[in-house]
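Labels run A, B, C, D and E following the written order; every chain starts at residue 1.
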Amino acid sequence: EEVKLGMHLGFTGPLESMAPDIAAGGEAAAKEVSDSGKFMDGSTVVTSRSDTTCTDAAASVAAAERQVADGVKAMVGGQCSGETIAVLEKVGIPNGVMMISPSATSPALSTIEDNGLFFRTAPSDARQGEVMAQLAKDQGIESVAITYTNNDYGKGLADSFQAAFEKLGGQVTTSAAHDDGKADYSAEVAALASAGGDALAVVGYVDQGGSGITRGALDTGAFDKFIFPDGMIGDALVERFGTEIDGSIGINPAAEGDGRAKFEELAAAAGFDPSAPYSAEAYDAAALILLSMQAAKSADPAAAKEKVMEVANAPGEPVLPGELAKGLELLAAGTDIDYVGASSVELVEPGESAGSFRETTITDGKLEVVGFH
Amino acid sequence: MDLLNALVAFLNFVFIPAAAYGAQLALGALGVTLIYGILRFSNFAHGDTMAFGTAITIMATWALQAIGISLGPIPTALLALPIGIAGCALMVLGTDRIVYRFYRKKKSDPIILVMASVGVMFIMNGLTRILIGVDEIRFDDGARFVIDVRSFREWSGLSEGLALRTTQLITVIVAVLVVWALFWFLNRTKSGKAMRAYSDNEDLALLSGIDPEQVVRLTWIIAAALMTIAGTLYGLDKAFKPFNYFQILLPIFAAAIVGGLGSPIGAIAGGFIVAFSEVAITYPWKKVAGHLGFQSDGLLQLMSTEYKFAVSFVILIIVLLFRPTGLFRGKSV
Amino acid sequence: MTGGYGKGPDILHNCTIAVEKGEIAVIVGPNGAGKSTAMKALFGMLNLREGSIRLNGRDITQLNPQDRVKAGMGFVPQVNNIFPSMTVEENLEMGAFIRDDDIRETMEQVYDLFPAVADKRKQAAGELSGGQRQQVAVSRALMTRPSLLMLDEPTAGVSPIVMDELFDRIIAIARGGLPVLMVEQNAKQAMNIADKAYVLVQGANAHTGTGKELMENDEVRRTFLGG
Amino acid sequence: MIRVENLHKKFGGFSAVDGASLEIRTGSITGLIGPNGAGKSTLFNVIAGVYAPTSGRVIMDGEDISGLAPHELFHKGLLRTFQLAHEFSSMTVRENLMMVPADQSGERIINTWFGRGKIREQEEQLRAKADEVLDFLTISHVADEKAGNLSGGQKKLLELGRTMMVDAKVVFLDEVGAGVNRTLLGTIADAIIRLNKERGYTFCVIEHDMDFIGKLCDPVIVMAEGKVLAEGNADSIMQNEAVIEAYLGRGLKNKEMIGA
Amino acid sequence: MATSRQAEASSKWRAPVLFIVLAILFILEGTTRNALFTGSWNTSLAILNMGLISAVTALGLNMQWGYAGLFNSGVVGFVALGGLAPVLISVAPVEGGWGAGGLRIILALIVGLGTLVLAAVVWRRVQRKLRVLALLAVLIVGFAAYRWLFDPAVDAIEANQAAQFGNLGGLGLPVLLSWPVGALFAAAAAWGVGKVALGLRSDYLAIATLGIGEIIVAVLKNEEWLARGVKNVTSIPRPVPYEIALQRDPAFIERAQNWGMSVAELSGIWVKLCYAGLFGAVLLLLILLAELALKSPWGRMMRAIRDNETAAEAMGKDVTGRHLQIFVIGCAVMGLAGAMMITHDGLMAPTQYNPLRYTFVIWVMVIVGGSGNNWGAALGGILIWFLWIKAESWGPQLISLLTSPLPAGAVKQHLLESSPHMRFIAMGLILLLVLRFSPRGLVPEK
């Protein structure tokens, strides 16, 4: 049998530069499973890409319909929350297609009526905001300025960070949005500089406005210490700013263990950037879909969806990236597994990442892991 | 001392960035205005053509860097510019030959040309991405700063810093040079006047012995040069990312319009007006006021930065209400 | 010549027009007869379906307009005959576009001829009054120093005094050896100075003769020249 | 009656109309002549509401109408034609005429949905009227042509035709004659006289053809450099030295060269 | 200028034939499965539904551009405003939302508007010398009062159950009611915009409206109290049944079995057909009204104004008034389309309103279809939307076809990776081809 898996991501549009690495993560997992020959009695996995445009719900829905017409059983996606909700309501649920999003973080997805078909390996904004606030406080930061990318991810995370930080007694001097892909960020930088603060929290994307703001803040000497959440963490960050951002804090979902290292090896072999935001989550999303099908012994999402939580969480034998064959074997043998994956997957109801986070500081122009939370 | 601090803060956060941004917009607007003035349509492919020209310049820069050529403190990309311009010129001339010429011959409505330019925009948009990818690319080398914050603080002893990037300085200088050259060309040379004549009355230009196709070619070549220069300077100063080049179209058009479409001097003025209004009106005066002795809890911000481009558009509309064809009397089709 | 606009019907039907050195030829005819169309056809701004155009014995039917300018034809169209946003002086410079020699002398001559134009030399031509524009348009064509001057209703909208001046100039130009072909509605004056006149009706030659002859022809006078 | 009081219109620093005062009597055919650039068209444009006057007033039947918009003046019965024809180029010649009358019930969008019957009736009347006007102007053969394709003179006739579609009080004609065949111009003159006699239109006519002016106008007002230079009946004007000097001239100097 | 509007004699069969071609495309999409089509009625109908909405939007734009020559490039803003209506009308009320500051906000808005009106009056009435001073005084006082009323109310509303709501909430009325309300929203905004901006000329108006469109979208993004801003409003009620409910309905299951289709598939098709019926009815009604208006003296007057404003004004037509009228009507139609779209998506996400998709593509629809012709605009709307969606899969396929002769390697790899961007190239090519071979649109104005 040939199981079709869709990579439903924003290949064009504002996040077009992130999508290829995310897709590559998902495809790597699919290929690993397919090549192992152990997937559902020698079934193969075929992936296909479709474009969500990230912003245009109608186009995303139409593309997803096409995937379903092509016989796709499950999708890794969507990439952005709004479009994901539309696809879930209009395509996923009516057709009974399972969707695991690597990057949609909106709280609305937690409460949505999803018929049990939707999961996400991305952490929720609320939890990350709290961790960020705690870390900042621990580093002795008393006041911060926040700039966030003007979408539901940025706004949600900025809000939860602000609430948590203020609760801990910190002061938020300003919280202002920036739009991605704009020509110039001088005005934003000037405003943030004027508001001041011990550090600047850049809730954005590393290859988008987030970098533009950081660049401006550094060049004008407005801030020299930054707090970077998951959208900003990646090799691109240190490549771009190097030692200039020494002493800044980074937070991204990951857990202790060698999941991450294994994923990096595997990505190097497959030729994509493992540090790119959400590509590890995409690997995990694809792996979870396929492992749960294996557990259910059926490619039918209706059956597989029941197994996702079981496969993802303890108890069971831990499975890391690159070990999917082992996971398949164990499941075939009826043994329970605990999929850890590249981003330490731990799902809580209603099917989203519990969120364990890795704290890094930037030292000598490198991301240095400090601890896990 | 505090007065100086206030002044430096203003220069550092408002004046210098706005001046550089204004120069970038002005160069872009100059190209838009030229095409509008002479070929009589709003070229929506402008942003994406800028991206295309820049992409070629970047590849040439890489080639130069690979063989070890550099300009010392000045970015190598400037050396690669002629190649980028040539590539971009070939591209737009080809586009004109395949697309626009047909409508020109048929004397189509300007709107048809505008729509054709939307088609070209889509294609350029895809081509650039296929050529060089969607990722952000930095290609500036040489010295980053003419003045940097730390050394300025040490030198001056002020608490505020001042930064001037090499690219900012180059942008402003190049903008001034280009504008001057364009003026000289349009108002003093025979070819330049022929271009204006053509834009005024095509049939009569023909009757005066002006070869329309030659005028059109010349226009496209100059426009390609302007687009590539603008795109490259912008990319040097910020970073190159194809997606942003579509987004910059909006402020560029705003600049061209405030100044008056078809008027080169208007394009320059427009660029600076848009840039300064975006940066200055949304600037929180808290810090400057603090240095001047007024402590304030609020940010003293007239308008939040979320609405920054709204500011430039409101200015645009007000200008147009009082001067319907822009500050410097542009044309209208 | 036979021809028409685009794919539309023929507007000129087998129409013949000729002018010799030193002559003034005038075309008259009712509105819409095809006079302007004939002028445009001579200048190559319209596709001829039949017939040919010769200049000094050379067949120029295939030349494009700007080559005809180089071959020595100067033309003032009936409408849109100036560059509105350029100054009057620049309009004249554009008239001399194909010339590489010094144009100042010609320009002075033209200014002498039309003092009203000289007064406004720094003003944008689009801001001039109707009659002033007309003068600028004729001036522009003179700047080419053409070997054939074609004027489409040069006196429309100019005041009597200027019209007299214009006709005077045209006579002088023609006597200087430059053939002049013009369309006129001010038929009485035009016929007076015409060496040759054509009456065009619906794209075809209806009457041909010297100006005087046609003036004396009752029928022509009543139906085409008025009064 | 229309009275212009000390009217000024400046473009930048240049006074195109510089203190003109004149009167157009009801029922007259007033001629307005003057050298090129005297400010005649500008004066028309100010009266017709295209430009606001820099200073001065325009009074129509005792009411100050300076600064009113052109369409408001139209409703007060003041019509004008343009020196450079302003046709509706993509519409047929007949439509150009049919669109003129005001208060067509079909011009209210609501009626186009709920009052079709009445519209049809009105349209038939308009059509008949337009055809009548076209006939009169000898251009009925181009009734279904796009107006943009007309010859220069035909466009001029169309301009005039539009003013004949409604019952105007005052009609301003800016160089109807320029570019119009002289035979036809004679016909137009007759038409103007007839409209003036039969329907009581008042006319104000700018024209450079002195035969036309002579045949038609009384009184004639001469403008020069933005001011009124002289006024009187056609004959006296043609004898007026100042007018001859500035405007009429003394005929062809080179006449003797003709036929030489 | 005028030449391109001249009709080359075009056959009266042209429009029907093209509509039949379009229908065939949709039927192929629904029935045949190959490289070009998916062979799924679900896909076909999904495209059709959005196509119908696009057609309505295009119709609105066609009224402004095609009838009156108004270059509105702020389509995105008016579509977005219309989209606000389903949120405010049909979403369930937020507990405590109105109580927290609803009245105060309304008061603030009234004060804000009042200030502007007063400013305009002052500008007109007060004599020259004092004008600027008086104006500034009114504006400053008004702005201060507005902020004093507005800010606390916003804070209170946004603090109310911030994570889930933080907005005013809707009225819980039937969603179909929100369609005319969406039209009203857009019309009201258009009236204000038109009062200010319609004096501008062609391209200047274009850029001004482009900016206004962006400003409206920015308001929707940033004013959370209104519709949650970028945090989106989801689960907007539907006027048609839910697939899931149908799938559980025994009668429906039986019907599916009778017809030999899977329940999931039939439920999808059923729901989409319901939408198609609603959207189609709206579209046809609008075309009918528009055609009646256009083929009457009103339409003639509009064309005259489009052709030559100066002359129309001299012929007694109130050009400014008519422009305002058609601008408001056109925008109302766009607002209606916006409300329909949000109802169809079930989601209000302001980040989706980008000008490329909601302004330029709509323009492409009108021009390709044939500006000035209602049937043309509708045809263009549906066709371009079809191609826009299909380009998503055709683009990559085209590139894999083109690269198939290339040897495997970095270049081929790079090209394949870039294949999503073929979408734009394909779209551009289609546009250029249509413009080339039918520059006045597929169904030109007569």
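Keep in mind that, in the parts below, a contact is a pair of C-beta atoms (placed from the backbone, for glycine too) under 8 Å apart; a residue touches a chain by one contact, two chains touch by 3 or more.
Here the structure is a predicted model, which means the values were calculated and not measured.
Colleague: Moving step by step between touching chains, how few steps can get you from chain B to chain C?
Modeller: Between chain B and chain C, the shortest chain-hopping route counts 1.
Colleague: Which chain is most remote from chain D in terms of Cα centres?
Modeller: Following the centroid criterion, the farthest chain would be A.
Colleague: So what's the Cα centroid distance for chain C and chain D, whole Å?
Modeller: 27
Colleague: Let me have the rounded angstrom distance from the C-alpha centre of chain A over to the C-alpha centre of chain E, please.
Modeller: It comes to 32 Å between the two C-alpha centres.
Colleague: Which integer distance in Å separates the CA centroid of chain A from that of chain C?
Modeller: 76
Colleague: If I count partner chains per residue in chain A, which residues reach a count of at least 2?
Modeller: Within chain A, the residues that touch at least two other chains are 16, 20, 150, 177.
Colleague: Touching two or more other chains, which residues of chain E qualify?
Modeller: Within chain E, the residues that touch at least two other chains are 1, 3, 5, 221-222, 421, 423-424.
Colleague: If a residue has to touch 2 or more other chains to count, which residues of chain D qualify?
Modeller: Each of 149 in chain D touches at least two other chains.
Colleague: Which chain pairs here would you call touching?
Modeller: A-B, A-E, B-C, B-E, C-D, D-E
Colleague: List the residues on chain A that touch chain B in their complex, please.
Modeller: 14, 16-17, 20, 150, 174, 176-179, 181-184, 186-191, 193-196, 207, 211-212, 215-216, 219-222, 236, 240
Colleague: What does chain D use to touch chain C in their complex?
Modeller: Chain D reaches chain C through residues 11, 33-38, 40-42, 83-84, 139, 142, 149-154, 156-157, 175, 178-186, 208-211, 246-255, 257-258, 260.
Colleague: Touching residues of chain E toward chain B in the complex: what are they?
Modeller: Residue positions touching the partner: 1, 3-5, 65, 71, 196-197, 199-204, 206-208, 210-212, 214-215, 218, 221-222, 355-356, 360, 363-364, 367-368, 371, 414-415, 418, 421-425, 427-429, 431-432, 435-436, 439.
Colleague: Enumerate the contact residues on chain C facing chain B in the complex.
Modeller: Listed in rising order, the residues are 43, 45, 65-66, 69-70, 75, 77, 80-86, 90, 93-95, 97-98, 140, 144.
Colleague: What residues of chain D sit close enough to touch chain E in their complex?
Modeller: Touch residues, chain D against chain E: 48, 50, 69-71, 74-75, 79-80, 82, 86-91, 95-96, 98-100, 102, 104-109, 111-113, 116, 119, 122-123, 146, 148-149, 162.
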